[in-house]
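Look for subunit A in each of the two complexes below; its partner is subunit B in the first and subunit C in the second.
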Partner chain A sequence: MSEQSELTRSRIGAAWLFLAPMLFLLVLVAGWPLLRTIWFGFTDANLADLSSWKFVGLDNYIDHTDGKWTGLLVDPEWWRAVWNTVFFTLISVSVETVFGMVIALVLNASFPGRGVVRTAVLIPWAVPTIVSAKMWSWMLNDQFGIVNDAMMKLGLISHPLAWTANPDLSMIAVIMVDVWKTTPFMALLLLAGLQMLPSDCYEAARVDGINPVKVFFRVTLPLIRPAVMVAVIFRALDAFRIFDLIYVLTSNSKDTMSMSVYARQQLVDFQEVGYGSAASTLLFLTVGILIVVYMVVGRVQFDKD
Partner chain B sequence: MKRILGQVGLYLLVALIILYAVFPFYYAIVSSLKPPAQLFRLEYFPTAASWDNYVSVFREQPFARNILNSLLVSVSVVALSLLLGVTAAYALGRVQFRGRGTLLLVILGVSMFPQVAVLSGMFELVRWLGLYNNLLSLTLSYMIFTIPFTVWVLTTFMRGLPKELEEAAVMDGANPWTIITRVFMPLLWPALVTTGLLAFIAAWNEFLFALTFTLTNTQRTVPVAIALITGSSQHELPWGNIMAASVIVTVPVVLLVLLFQRRIVSGLTAGAVKG
Partner chain C sequence: MKFRKHAAVIAGGLSATLLAIGLAHAATISVSCGAVGKELEMCKQGAEAWAKKTGNTVTLVSTPDSTTERLALYQQLLAAGAADIDVFQIDVVWPGILANHFIDLSKAAGKAVDEHFPAIIKNNTVGGKLVGIPWFTDAGVLYYRKDLLEKYGAKPPTTWEELTATAQKVQDGERKAGNDKMWGYVWQGRAYEGLTCDALEWVASFNGGTIVDPAGKVTINNPGAIAALKMAAGWVNTITPKGVLNYGEEEARGVFQSGNAVFMRNWPYAWNLANGADSPIKDKVGVVALPKGGANGRHAATLGGWQLAVSKYSKNQAQAADLVMYLTSAAEQKRRAIEASYNPTIASLYKDKDVLAAVPFFGSLYETFVNAVPRPSTPTGTKYNQVSSEFWNTTSAVLSGQGDAAGAVKALDEKLTRLSRGGKW
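And then the complex of A and B:
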């Protein structure tokens, strides 16, 4: 008996020993930089010399001097970035969910050539984000772009559009490219959910001759709702921190700038580490709240199993 | 009749999906093979194949060096995260101890960090370690996103292995390290391939850290190099070169994905659904 617990104790010791290198690295590259970033948010640090800074309290967030309000919370450009990020997340994730569901349903049906479709669908996922941004900005080019050409041939538009430069269109362009790139991921997650469903309820519905559309909304959708929720929150978290695509497709344009692009511009381009860190911290807090929501939804799902 | 219509509809939808998924990459290949003079003539199908763009990508910038950089970073990221992932997954998946659940939740939380949230702290760390404009800064910083999912997927996999195997080894007096390397490793190969591939692709594609922590052309990784290809002015981007470079860096990833698609799909869904 005592030998057993001796063994258990030595196993637990070994476990912590094995965890140590991973935990050390995680603290080094995640925990510490996060704390430093939050701290920098309360200072006037500058990128040129990170070692000399002074504590300024909440000034980066909000400050009242000489009858004027300054700081992130009253900066219209910041709020524009917040709105862009929220808008981008809402629209792109919704479209991706619908498209992803269609693709998942197709992949879940059995027909000859299904393997080809699955392979084809994986290609956008495999293409690096930077490459997809470049590919699409070439396709969306206002003078030589194939998208304008195809749309004009189909009679959808009468003159070429400046997709990435026009303030009214650039966000649509960003969403279009993101939808292309990340729908496969959504489809795969939803497909995994669909494949876990018992097939007998479908059989019953089919024998009863119920309209497949009705079956989808009455049977399938309620059953895979947990999987859809998890996939949506997963994608939403990812969409919320978007940087690469927007940075490459429309660079630092105000019309599409996301919270991540804003924070990096302050940090690196303007060298305002204090102000930029405050923006990073706000982004982190927002994502943190979303994560709590995710955990709660995930917990609910675990309990059901 | 209704059945046939349904079949036709399904195949139309399938054709549409394939076209939508494949066309942009197809068009990039077509554009990259055009002689520079024809680039601005719109064509849906290739008419001539010329390697001019591919040659000039390598001539006009250190693109071979950029590819080597990306390979070095990605391979080192895979090696380091698998080593740390396997040992951690053994502890988290096979040993009962207090705080295990909390630890897993924290690791999961880290995987959802916005990279920007650690950018200034990471920048300070990189400078302090003397790694600014050094590829090692990327190997180190990429751990923030490869460790969490490596640990998660491998832990899930480890948990599923039969207990008897380990008990037999313990009876024979094997220590945990021997158990990992001799007993579990041979069984873990599928999971290692999956997580290794996902880590490789994530590192190969990463942009924000690579853009921020490197400065000179010769230290850049491929995504940054492609993003920063410029012409004589903003409106004269060398699209032929950009498309050629894009095709070069995408083909290996697409091949990997196609070769290992089953593994990758199972890894992606395991990471998300079970996470």
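And then the complex of A and C:
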């Protein structure tokens, strides 16, 4: 470690100066609410009167009184919400990755009108979630919904399905709408990855007369793996805090309740700010752990390269 | 701007006192109104009439149809101390939850308090503070298709068994005749406050109590409640579409009013709409009390209804209170009863000729409205929402076949007892 030169030091100083407003804003809009939520998680605060609360330690997470365990960590409904969220994330992100890849490959080929198609594909992503969720909830309505009508006319089903009400179907409906909405985003990220690939490998493959399917699995996929990883982690983090879509389609139903919906119900509907904040904190920790795992895995791979 | 206000007030030819008030504090009052059926339109007309009379202005804030979501919105606004809404339309079960945020209206109301049903005034009084003035009351009623019952030679049912049998018969007959969208009975089955209202009616009609009794004891685990939930679960997919598990009031009305259901459980507001000029079932609808649970049961209707309250964060509390008194006055309640079949909270209006001509069942079902079953919001206080949520979730699980009624009710009883900390709440 050599001593820093005058120039370096002044540049570092300038960098901090330029970063300061952003850091200040970040602390204000992200750090402060986060710390407040974590703090509330250790209190018995109630929405009816936020000014009076007392510190209860870890009671919101786990507590042993009168021979019974209470708290978030032993609440079956919380674990059900966790499972719903994990299930939703796994299925929706996998399906979106596959569909997104297919669309990205198509859009990567040059054909007339490609610009128009690229824009058109993005439309579901551009519609605000509340609007598209409400739209789908009408389309999936059991009595006047167009989805049932179309499927009946095609002879796929004999009687209308209650998409958002039937406990066996509601999660499928939620995943379906999410896939419709988010696949374009996935496709866009993957397309960006595809367009950065060097063309010489493909030329070599063409000269050697390799089958296109083999080219995809042996050349394209390994080359864009970093882009896929980034896209998947973005989507997974996003899916983990899913709220709006589920809430609009199925409200507080336990069959589809995600961790965010659970936290909101405790915080607002039940006025249990302390308990709800504890749930939000756990959600934050889960997402945080996911990011750390991703970064560690990512670094290990960098070292290998 | 000021000049124009002066001119408008003078041109309006108002009394000297009103003039003085208008000049001193012409204010903009924002009112939250529901938007179920004709609610928003009626609220707008009433509030604007007041604005014209007093020289103030009003803005309307429309709120979500689902009562559960509306409460959530209010809680967020009020917990933040927001002054954006001056007058809140609140549900009959909310005074306990929201009392902290509203001003005492007893002074503004004065003698007008005595005109309203005493039970509602008592419900709206929390710790000696009159939190809200009754605006309209509500009780669940049974709508039926007069023409269809006549066609199949059936009478309006007095027990649930009769309802089930008639619904099945008409549904089968109509489907055979080609209307394959016909259903027997539609109601509110989504997991929200509306399901609590419907399910409480089933349970109470079988003499199964009101979930928690007035003393705070949890009473839901009883044979009446089990029989009631079993019966309702039996309707789903037979006389009731499975989609009912995601229906609120307006979804149920959608099916009934398009002519695709024989019976509907709903609030009185649907009467005026079902008989509207553009309604396919105009003049084909009758209303009776909800059926009894067996021969020994009783007719039970859940008490609903809405109050108007003034936020303590409002900057114009005096004008807001004046608007509340105007909207809840006998004259305005009469207008709302005739034009949109909202139940008055003033007893004398149930004998008013014009009101009875517009909504005949206000006379025939007077007893139902007066003796409606209250939800247990008084004994459970601020925990009411949790109790209701546990109840509607349990009911929803039984309806969708995820558990049997007896086991579900037992589990609910245990949960609520724990929540009540042994009946102390």
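The definition used in the following text is that the second predicted complex is superposed on the first by the 272 of 305 C-alpha atoms of A that agree within 3 Å, B and C clash if a C-alpha of one lies under 4 Å from a C-alpha of the other, contacts with A are read in each partner's own complex, and residues count from 1 in each chain.
By our rule, a residue touches a chain if its C-beta (ideal position, glycine included) is under 8 Å from a C-beta of that chain, and two chains touch if they have at least 3 such contacts.
Keep in mind that this is a model prediction, so the values were computed, not measured.
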May I ask you to decide whether A:160 touches subunit B, subunit C, both, or neither, giving the answer as first, second, both or neither?
-> second
Which partner does A:100 reach: the first (subunit B), the second (subunit C), both, or neither?
-> neither
Using the touch definition from the top, say if A:139 reaches subunit B (first), subunit C (second), both or neither.
-> first
Scan A:184 for contacts with subunit B and subunit C and give back first, second, both or neither.
-> first
Residues on subunit A lying within both footprints (that of subunit B and that of subunit C) | 47, 50, 141, 143-144, 268
Residues on subunit B engaged by subunit A in the complex (per definition of touch) | 10-11, 13-14, 17-18, 20-22, 24-25, 27-28, 31, 39-40, 42, 44, 84-85, 87-88, 90-92, 95, 97, 103, 105, 107, 109-110, 112-125, 127, 140-141, 143-144, 147, 151, 170, 175-176, 201, 204-205, 207-208, 212, 222-224, 226-227, 239, 242-243, 246, 249-250, 253-254, 256-258, 261, 264-265, 268-269, 272-273, 275
Interfacial residue positions of subunit A with respect to subunit B in the complex | 7, 11-12, 14-16, 18-19, 21-23, 25-26, 28-30, 32-37, 40, 45, 47, 50, 102-103, 106, 109, 111, 113, 116-136, 138-139, 141, 143-144, 146, 149, 180, 184-185, 188-189, 192-193, 227, 230-231, 234, 237, 240-241, 243-244, 247-248, 259-260, 263-264, 267-268, 273, 276-277, 280-281, 283-284, 287, 291, 294-295, 298
Which residues of subunit C touch subunit A in the complex?
-> 66, 68, 71-72, 75-76, 79, 97-98, 100, 181, 189-192, 241-247, 251, 254-255, 260, 382, 385-386, 389, 393, 396-397, 400, 402, 418
Residues of subunit A touching subunit C in the complex | 46-50, 68, 141-144, 160, 162, 164-167, 250-254, 265, 268-271
